[in-house]
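Here come two complexes built around subunit A, the first alongside subunit B, the second alongside subunit C.
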Partner chain A sequence: MELQVQLLMNTLQIGSVYVLFALGLTLIFGVMKIVNFAHGTFFTAAALIVSSVMIWGVGTMGLSIWLSYILAFFLALAVVCLIGFIVYIFGFQHFLKDLNGSFILSIGLLLLLNGTYLILYGGVPRSIPTVVPGVVTFLGASLTLQRLLLMIVAAVITLGLYILVHRTKLGLSLRAVAEDQEAAMLQGIPFRRVALYGFLIGATLAACAGALMATVTPVTTVIGDDFLVKAFIIIIIGGLGSVVGAIIGGLLIALIESFGGYYFDPSTATLAMFVLVIVLLIVRPQGILGHAEK
Partner chain B sequence: MLKSNPGLALCILIALAAIGFALFSGDPYYVQVVIWVFANAVLAVTLRFVLLIGELNIATAAFFGIGAYTTAVAATIFEWPFVISLLAAPVMAGLISALFGWVTLRTKGPYFLLISFAFTEIVRLFYTKSEFLGGNSGMIGMYPPMALNDYYPAIAVTILAAILFALYAAERSNLGRIFKAIQNNEDIPRSVGLNVIGLKILCFVIASTAVGLAGGVHSYTNSVIAPADFTFFVAVLALAYVKIGGEGHIAGPIIGATILTLVGQWLHSFGPYENIFYGAIIIGVLLLMPGGIIGLGDRFRGRSTTRRDPH
Partner chain C sequence: MSMKKIIGITGGALLALFSAQTALADETLKVGLSAPMSGAAAAWGLGFEYAAKQAVEKVNSEGGIKAGGKTYMLELHAYDNKYNAAEGAKTAQTMLNRENIKFIVGSIGTAPVRATQALSERQGVLLFNTGWGKSIKGPDYPLTFTQMNTPFEILGPFFGYIKGQHPDLKTVAMITPNDATGQEVEPVAIETWNSLDVEVVSTDRYERGTTEFQSIATKIANSNPDAVDFGASPPADVGSIMKALDVLGWDGIKVVAPGTSAGTLSQMAGQAAEGTYLGASADFQGDSASEAQRTLNEGAVKEVGESLNAITISSYDAVMALKKAIETADSIDPKKVAETLPTIIFESSYGPAAFGGKDVYGSPQQILIPVMITQVKDGKAVEVGRVAPEELKERLK
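This part shows the complex of A and B:
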């Protein structure tokens, strides 16, 4: 029982980061109909910024750990937003709804940005100091307070995004554009501006995931790439462009990874995810909550 | 036929010259570069072949690897003769691709792109976890028979060039026209009673078989293969060749592969800056020359081959 609770806790903790990452990817797909292979670089950028600002804040400036973390978190979000804006204006703007063109553009960006990170930061993994010390015990399973907070923050952000997409005017335009871009434009929705907002929200979500992940794992310049393959599997399972689908898919993949990794081994778990995708494709090609392509 | 198609005649001449170079040049490094150019051209052309039906097939990299590993297993574990080991590669790649295509080609666009990407990574994971395939360090010891050793580079170039011409012929045939029709609007071929899914699978199997054979050739050329040689990045580079050369014509990926392979040899000396250069080249070409080098030629002639979203 304790073991299962522990594994379930693990699932929720990995899953919450997966969900954030995959949500950004699925949102960008939904609005712009592009697959952004450079999504991991947003994640990496945020994690790298958090780690260097923390070292600077705690080491050089003598700030308290949690204050430098909050500072680092918002700085990371701002910088990633800026990177996203530049990348959109000079790149993706010209490849809206062009799957192949945007794919190769995002690959070019991936190479360019990852190479730049490597030169700026070097290949040595860095860990940041624990922001919130302490351990909580729940039904016999123990969990560091830091990981619990990570889950809560991720859940709040996810909820915030859900409200944004389903309860606000911007969310309505995002959904309208995702459903039928031409009809949305006929209704007076400025497609390009909405696409920009969608892209920036997606990039910010990846940045949140990166900034949160930096607290529990050593940061390297390729940290985001490991998430990419799984995020793709998640959004195929959930249905491309579906917010709820990404949440379900993210938790499902985390569940398989956590339990499969414990009872068998991590690579068996990864193979199991792939088998799941294949089976799902045979039964329901558009994903659990996706819409069939017209 | 050659008179009416001077470009094809030129290509045959270039291929013959490359075979001659592989036979008579004493410099093993440059011969190796020529083989790389042709192998990369095959990767790019097979990627573009599946683009004919409108699908971006990252699994090109996986089938290249499946071909290479099949030949390696046949040659070193089963110790089959050279020709049979080599031919096992396209057979294996063809069979697996038929199965994979049968399952996945019911999806299209982004779903197919992502599933082919996941497949490539999973196949690579499978190599690293398989003891009999050498795990992470891969397999060694694929040598052509002693009698053929001196001629092997020429044989490799001949096979690779033959694949390119065969794919060109396939694209120009009626079958190739049907593939393009499927890309334009698959409901129309379906409306005249064609089995669109079957034809898509056929297109996919042709491309995968071709790239599988190239993988077998790669196995003997390198004598060493490892899982890290067959990441999705192989397909990414192939797509870069296609985009930079231009996807409007089969010559585009070949030109792109040639230029980037040669530039890549030069870029190796830049260490960590290598990827930045590749990234910058890809982004630059994409933004400044949509349609690639082939598209540039067409633009001078006043034809526009580039499609831009009207919105």
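This part shows the complex of A and C:
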């Protein structure tokens, strides 16, 4: 029983970040109909900024760890938003609904940004001081307070996005554009502006995931790449463009990783994810909650 | 003889002498290096590049390498292989086909080394490498030389020392990356543990680039082994797993055979890294370190922010071996240099060293240097044991 609880806790820990990251990717696809291979670089940028600002805040400025982290977190979101805005204005804006063009553009961006991070930060992995020390035990399962906080924040952000998408005017516009762009434009919805908002929200979600993960894992200049591969698997399973699908997909992948990693080994669990994608593409190509192409 | 003539002859002679010296000094010998300089194993690549640079500077400042009546100044070209085969192939293409490099003084990672070797052996290029795979050298690969100790040299004395320190050690769990390095290390490690009456209760593999290790830590903690052998895992990954094990309350013997960067390990795992046994680290500040190692180490700490270890310092030793072999062969033909390497004794950072290992690998392509056993104490690697290879002792007699 204790073991199953521990594995479920592991699932939630891993899944919460996967969901957050994949939500951004699926939102961008849903609204803009592009596949953004540079999405992981937003995650990486945020993690790197958090690591450097924390070191500066705690080491040089003598700020408390908490204050440094909050400062680093919001600075990371702001910088990633700015990067996202520049990338959208000078790049993706010209390739809306263009899968081939956006594919080439995002691959180029991925190489450019990863190279830039390497020049700026060097290749040595960084780790930041523990923000919330301590371990909690729940039904025999152990969990660091830092991981618990990460899960709570990720859940709150996910809930916030769900409310934004389903309960606000902007969310309605995003859904309308995702459903049928031309019909949405006929109703007076400014497609390009909504696409920009969708892109920035997606980039911010990736930044949130990166800024949260920086507290629990070594930060490298390619940290976002591993998450990107998982995020693609997640949104294919959940259904491209589906918010609820990304949540289900994220938790399912985390479940496979946690239980598969325990009962077999991590490599077999990774293999199982790809097998699942292959099977799903054969029997239900649109994913669990995706809509079939008309 | 008129004064005009004397001045003319003297001037001409001086000009000829100057031109000859310039011509001699102008010979450049490019040497390549391929190592991970980004990602989880970046600490290895950056230190490796630093040590190679120091060796190249030393050789050049001492007048270069003399062969065939010429003097060669070394020029280092270092590339990031990201510890994978695809990038290894890419860096090999660049070194061999674009830069026309004939001597690679260091390559880290069995997978990228294999990718490099596929080209280097075919194109007649001498390749020094740190690859831990047994199959990487032997009579079929006459131009490939290993510049550091590998599992076949390290694991026997290393595990033996640990067993000696912990006679109650009966079970070990093993985790290693799922790539060429991990796959080649795993069977040797299992065999060595078994020879010491230690049972390997589980073996797990993970993909490089993995960031979440909770499931594997849960599995290890649940099987409650006396020790965990982290196989060929790089320092950042080991640190993450140790941290996760610590949260789950496991506190056994931690063994990292390619364990090198005590600093990175302690930075990642904090207190959980204390007491870890490292098989490829080194205490280059301790009493047993040579003067060259101390100087190199101090420089690396300043420039790279990390102490050198058995992997990273090996590029220095490869350059020194190359210099001696070229001068002994009196040629810069890689094939002649490769034939000469097993016959020489050269001055490595450890002191006199040679190449041997014919009994194990079928041909003498393995560097012969001491195995150093270190343990993490207060965040630093402290040497606790040292074993010199018997073959080297015989050669030095």
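Everything that follows uses one rule, which is that the second predicted complex is superposed on the first by the 294 of 294 C-alpha atoms of A that agree within 3 Å, B and C clash if a C-alpha of one lies under 4 Å from a C-alpha of the other, contacts with A are read in each partner's own complex, and residues count from 1 in each chain.
Here is the rule we use: contacts are C-beta pairs under 8 Å (C-beta built on N, C-alpha and C of every residue); 3 or more make two chains touch, one makes a residue touch a chain.
Model, not experiment: these values are computed from the prediction.
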item	value
First, second, both or neither for A:185, with subunit B first and subunit C second	first
Subunit B versus subunit C as contact partner of A:285, first or second or both or neither	first
First, second, both or neither for A:105, with subunit B first and subunit C second	first
Subunit B versus subunit C as contact partner of A:73, first or second or both or neither	neither
First (subunit B), second (subunit C), both or neither touched by A:258	second
Contacts of A:270 with subunit B and subunit C, given as first, second, both or neither	both
Partner chain(s) touched by A:127 [first = subunit B, second = subunit C, both, neither]	second
Partner with the higher number of touched subunit A residues, subunit C or subunit B	B
Which of subunit B and subunit C A:144 touches, first, second, both or neither	second
Subunit B versus subunit C as contact partner of A:92, first or second or both or neither	neither
Overlap of the subunit B and subunit C footprints on subunit A, listed as residue numbers	118, 267, 270
Sites on subunit B touched by subunit A in the complex	51, 56, 103-104, 106-111, 113-115, 117-119, 121-122, 125-126, 128-129, 236, 239-240, 243, 272-276, 278-283, 286-287, 290, 309, 311
Footprint of subunit A on subunit C - complex, ascending	36-40, 42-43, 45-46, 80, 82, 178, 203-207, 209-216, 218-219, 222, 236, 239-240, 247-249, 264, 267-268, 270, 304-306
Interfacial residue positions of subunit A with respect to subunit C in the complex	3, 6-7, 10, 13-14, 118, 122-125, 127, 130, 135, 142-144, 213, 217-218, 220-223, 225-227, 257-262, 265-267, 269-270
Subunit B-touching residues of subunit A, taken from the complex the two chains share	29, 33, 35, 90-91, 94, 96-101, 103-105, 107-116, 118-119, 181-182, 185, 191, 229, 232-233, 235-236, 240, 267, 270-271, 274, 277-278, 281-282, 285-287, 293
